[in-house]
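In what comes next, chain A is part of two complexes: it sits with chain B in the first one and with chain C in the second one.
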Partner chain A sequence: MKIALPIVFVAVTTALMVLALSGAGPARGTVGIAGGWAMYGLTPKASTPQQALTNLLVDVQRRNWDRAFRALSKTSAVDQQGFIEDWMGSNGSLRSFSALEDFDPRPLHMTDDQADMRVYIHWSTPVGPIQDVRDIQLVREGDVWRAVWPKFQPPTVPAEVIPVTYLRWDLVTGSAEDQWGSKNVDAPHVRIISMNAVNTAEGAVVMGEVVNEDTIPAFVNVNATLVDGSGNAIDDESSFDKIDHVLLPKQVTPYRIDFPDIDLSRVKNVRMDVKAALVPASADPVIGVMDQKLDTDAQGKAVLHGDLLNESGQTVNISHVIASFYDNSGKVVWVSDGYVDRALLPQSSEPFAVEIPKSLSGEVHNFHVVVNQYSLGRS
Partner chain B sequence: MSTSRSYSRPIPLLAILLVALAVHGPLLLMQLPSGSFDANFHIFFASHYAHHWFEPWNEKWFAGFSQTTYPPLTHQWIALFSTIVGLNMGYMLVQLIAVLLLPVGVYRFARIWVDDRAASYAALGSVFLGSLSFLVYQAGQLATVASAALYLNALPYFYEWMSEARGRSLLKGIVVSLTAAAAHHVTLIFGVVLFAGPVIWTACLDAHDERVSASVAGVLSRAVAFGLMVVAGVAAVLLPYWLALIQHPIHQIPIPHDSRANFLLNSTIAVNYFVIPYGALILAFPFILVRGVSRRFIPLLCGFWLTFIFGLGGTTPLPRWLLGRAYEILTFERFTFWATLMAMPLVGVLAAQLLDRFQAKAAVALSLAAVGSIGGALWWLGANPYRPTGQMNVEPVIAFLNRDGHDSYRYLTLGFGSELGKVSTYTSAGSVDGDYNSARLLPEMTHYGSAQLTNAKFYGTAGMASLRAMLAHANRYGLKFVFVHDPYYEPLLTFVGWRKIETFNNGQITAWSKDDVPPAHQIPSDAIPPPWQGWLWGTLPVGVSFLAIFLELLLTEERPMPVGVGFPAPAENREQHYVA
Partner chain C sequence: MRMRCCLVHSVAALGLLVGCVAQEVRVPHSVVADEDASISTSGTGKATFYLVGPGISRRSDVNLGHEINLAGEELQHAGEYFALLCSSDCQSASFFVVAAKPSSLTFLVHPSRVPVAQGDGVSGVALPFDQFQNFVLAPEFVNFQLTAKNGSLWSRSVPTKEGVAWFRTASGRSAGALQVRASLNDVSTLRAVEQVASDPCHLRITGQRNAKGILLQTEPIHDCAGNPVPDGTIVTFTASAGNGKSTVDAPIKQGVARAEIIAPGAVTISAASGVVMGNELRIGGR
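This part shows the complex of A and B:
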């Protein structure tokens, strides 16, 4: 008894721990608080490409950069700073705000000494989740596999002077107590120029376009209320981030309002409400949308892709692309949006892609893209 | 008196209390727990009782919630003290009382198994527990500490009642148990089983071995009777809590918590939830295992082991198996605290043996171990990655909300951590957020696996989805102002149409507004307690605590505590008793 019981306790505790290690899988934890590493010997050996990539991504997730960099193949062309920047982003980009939340590595091609893996990466970002796909090559070095990391070339721009010639509207408020959006002048004239309601697998969607018909900038919000046959409101939602809220004079923006889990067949009427307020605004920075093209991406999804060109002299940290798609009669059939996770440096470009539902891709005859932006310190 | 004899005497309880006061008094006077995770939450609840003692519906969080979802005792005591010393010092006073009750409880609890001397060492050791400092100064779990201390004080009465059938013990045991239940629900539901189980088992062993006059059947029948009376009492004292729980069971998507992680796979989590709380107690594990196999210690050892395993969270699958869905709701640092308390009787024995054998050297080593444990926990306050935002100056935010009719709208804080509670306490405006997960009913919060919106980013996609859902319904809730203490959230606010309107503290905090938001109106809810529940809530829990004080003062013990069976025997022949 004296010896047996302690041994039983220790043995059962150890067995339970082994069971948890082998079976349960990692518990979902908080993001970005606890770094740390596994107890010595408990990190699985990188004896397969999948395990090597998993180990690497766990270290990236916990921001154990030294360990992650040490796990790369010696043939990698990247230095540690470049490797970190490749994952963490730079210049206040969306990537630099993001946390690697989850990943799913899958083999593409494998020989005895070399493997190509595709990893589906799930980023948690301030503007919502972003999925990324990355192909990574691994090589066998001795009895372990290591990732070969390509050279990371951070974007650079040459020193130059760029004159600012774009329009800007400032707002002088009547008193210190006035909040933004002046109360003592008429609201700008904005108008909904199109509206279309469709059913999707996720619920009803109301979309269209709004124009600022005034000669002053407007802050715009579109709200919609779904009304049933008896005149009762079913749900009300707003355009949220599926709109460019600040419209310069004569500017048009697409909008989309999602009603999750609501079937359009229940809806008799849609009550639209567009609210506008006068706000200060600037046409700078101007972001050009270049080389737009409807295409299919590597995963077989229908996308509109192109490049964003920052024509101004200041860095745009986060760009938000909103695209409206029209059928051959000019009706808006879909509004889609996406965020660019790399910063737009002055006079430089970055690619973008927004997805179109496959069922609609055949209907799309034309499209219109607007770009919303966030620049640190200028919100 | 020789040196060796001075080491063989029990330490007077009064001296232990003075040590506890000397160690924790200054730290509490310095208001060290005010930077902890939950201190502001407790103060916020207390503030509501201070202003609306009989009205548990609180409009300041979650667009309205019922405070009957959390046992009120500690908060009501803070509210009472606050009329004299203010809310912050009221909190510190109640925390100090809990900290002082703890060594008394540990002493009385330990006396069920060990002699006066070992029990006094156990009580002294409990003052320096890393887990205690962790809960008081880092986690701010006032109610957990208070409730555990009260239960420890109730358990010896329970033992006395079972083994000696003393009516006085029954009465005091029940009233102190009800007081503990009025302080904390999780301790009531989960802790009691873990603590009471070994006590019942030990009483049965004592009856079986004829160390007490009762029979095993008598012990068990009295245990059942005690249990039934406590259940009935708890049902009455916390009736509004049970009604609220039945009406709105916790169906939220589970919220991740690092205490449920596998400690072996993350060193930071292991340090936070294992090394710091146990401290030097880790060195005593082999002794606890070896000495715990003594026949009379086995119940205590089993209780300790089970609680220890629970405290390991996801390091073993046992808690998940035994707790089922409750596993996803509970946090497990409190189990570690209970495990350390349960280990203390055996640690007291270890200390006695070490002092007998090594005298001054042992005293020095034990002192260093004790100071190291509490010192480590205090050092970790500033070193841990979970540390709260701490001393953020939220006064400008409070001032902003309280002026110019801004309190006719609701607000949200982002990146404020536990300071949300402080803002809520001192502003008249209401928030859609709040710092108590179990009280949330708004679908924008319960449908996602995340906790407070102010900490949304730490819950990844789920947290940000919850925040987006709330911002999307800003007009519905009259949510007009967002205060940001973390630039992480600025891109989202910009893209969804909010505008920066003010900056505070040299730009550390920014205020954002949305223009088309109508003033807040009361959100209809079926969770609003009827007035009779408010009266019950305002009288029974605090009343039972006054009754406990009254009984302790009135019905003093005719003999020194505890009932005890003189076990183990004095030092000179302890060996044959310690080990069966």
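This part shows the complex of A and C:
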């Protein structure tokens, strides 16, 4: 009995280890590892394009850059530094604060020596999960498959001096000794200029646009309360990050408020509340939105894409694009947003794309894009 | 109020316990705050006098048939006072202390910023108080005066109603500080309202190609009264070509807004600020 019990424990432990190693693949995952294998040295041979891509992405996920770079095809045009920057980002961009959480490779096209794969990459970022899609070409070299990585050209900017007319608003708070009523500064005057409520598969959505009608910047937030037929509040939500919170004078921003799992048929009334506060702000940087087009992407999704052009002399670390879409009567029918994961260097541009629900893409007649920006070390 | 009544009743009950002689108490109808006053009594013998009012509660022994003097410092708070005199039984009377002459004006002006030439755009409320912070309810005339950089805009003498005087008027036509003064006798309070430019008027843009794209610029932007629109106001430039468009939200700086748009082909360019649209430009391809 004294010997039997340890033997049973050892046998069960060994069985569980074998079971875990044979079963833990990228599809099922291991706690703490989104894809790949729990133990080093057990990487399966890249005998298929899918296996090769999975091996590569597991190394990228673990930031095992030497091994990931060695696994690339010799025909790749990228150097190791460029490869790392392609995955890790630079200049305080959103990508540089993100982690590769999971991936889902799928074959697109394959011959004996060449394959095209599409991989859906799930990033975990400070602004929430972001999904990215990349098409990757792989070639067979001997008995293994290797990814052919294109040349990564990080944006470079020439040395130049850009004159800036500095424009900024600061707030001075009155001292407590001031006589009552003598130093009041009114909150900025903002107005909701449009509102529309629609039903989606995920729930009810309230959206529209807000304008700052004042001559000073405003920090704006929009709240909505859904009210049922008997006057009771069903739910209340705020626009959270689906709005450009800091509005300069006469600036218009779209807003969108999501009510997950709520059917609009239960809603009798929507109570809107826009709150505006004084805020220190800067008029720079100016970001242009170039070449905006409604299109269909490689996955067949309706998107609005274009390029963001940083017209100032400062680096914009994280850009957030918010777009409102109008039907032919000028009514806002949808609001989409998306983050650009590359930094916007001075005088340089980066592409962006935001999705439109397929059911609405036929209705869209016009659109308006605003860009919210975050720059490290600046308010 | 309930607390004060309780106090009076308690004091009355206390008075009933004391041996008393018939007496009468006569109070003045109204007393001005901080002024001395007297209460006359009738009867003979000793009595206990209680004075209960806003900010005061005191007891003293008095001789009936003599006047009871109240010092001005006991009557600095406006409101209703109760005088209670107890000997064989208790007699009470109440009187009011009213505010003294105004020594300060609380003056609220709204808003702190107002677009020029806006009807009923500026309003103000003045409330007079005496030196003891008593609200002056007696009718007084408050003189309101609005002065902009180019002189007096508006002036009016308004009587207070239940202690409150107010006005409402249009803003001036020039941007800048608007001084709003409320005065009552030798008391005066000053507030400032910032008059700001209204919506842009006649927004005009020019553009020319350079090595990078098209450099766009507005002419100096003014409102319809000729005031320069404040720097920081957003002007949206839109370049439309085929099925695509490019937009830039550019702030006005030093009176004009500038933006650069990358468009190699022929484009139609427009500008807007708030609800105001500018002219359209057609620029040919490179």
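The definition used in the following text is that the second predicted complex is superposed on the first by the 332 of 379 C-alpha atoms of A that agree within 3 Å, B and C clash if a C-alpha of one lies under 4 Å from a C-alpha of the other, contacts with A are read in each partner's own complex, and residues count from 1 in each chain.
The working rule: a residue touches a chain if its C-beta (ideal position, glycine included) is under 8 Å from a C-beta of that chain, and two chains touch if they have at least 3 such contacts.
None of these values were measured; they are calculated from a predicted model.
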Exercise. In the superposed arrangement, does A:N221 touch chain B (first), chain C (second), both or neither?
Worked result: first
For this session: Check whether A:N372 is in contact with chain B, with chain C, with both or with neither, and answer first, second, both or neither.
Result: first
Exercise. Is A:A99 touching the first partner chain B, the second partner chain C, both, or neither of them?
Worked result: first
For this session: Would you sort A:A11 into first (chain B), second (chain C), both or neither based on which partner it touches?
Result: neither
For this session: State whether A:A77 touches chain B only (first), chain C only (second), both chains, or neither.
Result: neither
Exercise. Of the partners chain B and chain C, which touch A:I162 in the superposed model: first, second, both, neither?
Worked result: neither
Exercise. Is chain A touched at more residues by chain B or by chain C?
Worked result: B
Exercise. After superposition on the shared chain, which partner residues are touched by A:D186: those of chain B (first), chain C (second), both, or neither?
Worked result: second
For this session: Applying the touch criterion given at the start, work out whether A:A277 contacts chain B, chain C, both or neither, answering first, second, both or neither.
Result: first
Exercise. Touch check for A:P129: first (chain B), second (chain C), both, or neither?
Worked result: first
Seminar exercise, completed: chain A contact set shared between chain B and chain C covers 180-181
For this session: Would you mind writing out the residues of chain A in touch with chain C in their complex?
Result: 165, 167, 169, 180-182, 184-186, 211, 213-217, 248-251, 283-284, 286-294, 306-307, 309, 311, 349, 368-371
For this session: Spell out the part of chain A that touches chain B in their complex, as residue ranges.
Result: 1-2, 5-6, 9-10, 13, 16-17, 19-21, 23-24, 26-39, 42, 62, 94, 97, 99, 101, 122, 124-129, 177, 179-181, 219, 221, 223, 236-238, 240-241, 243, 245, 275, 277, 279, 317-318, 320, 372, 374, 376, 379
For this session: Write out the stretch or stretches of chain B touching chain A in their complex.
Result: 256-258, 260-262, 264-272, 289-290, 292-293, 298, 301, 305, 309, 313-318, 320, 385-386, 404, 449, 457-461, 463-465, 468, 471-472, 475-476, 487-497, 499-501, 513, 515-516, 579-580
Seminar exercise, completed: Residue set of chain C touching chain A in the complex reads 106-113, 191, 196-197, 230-235, 243-251, 253-254, 259-263, 273-274
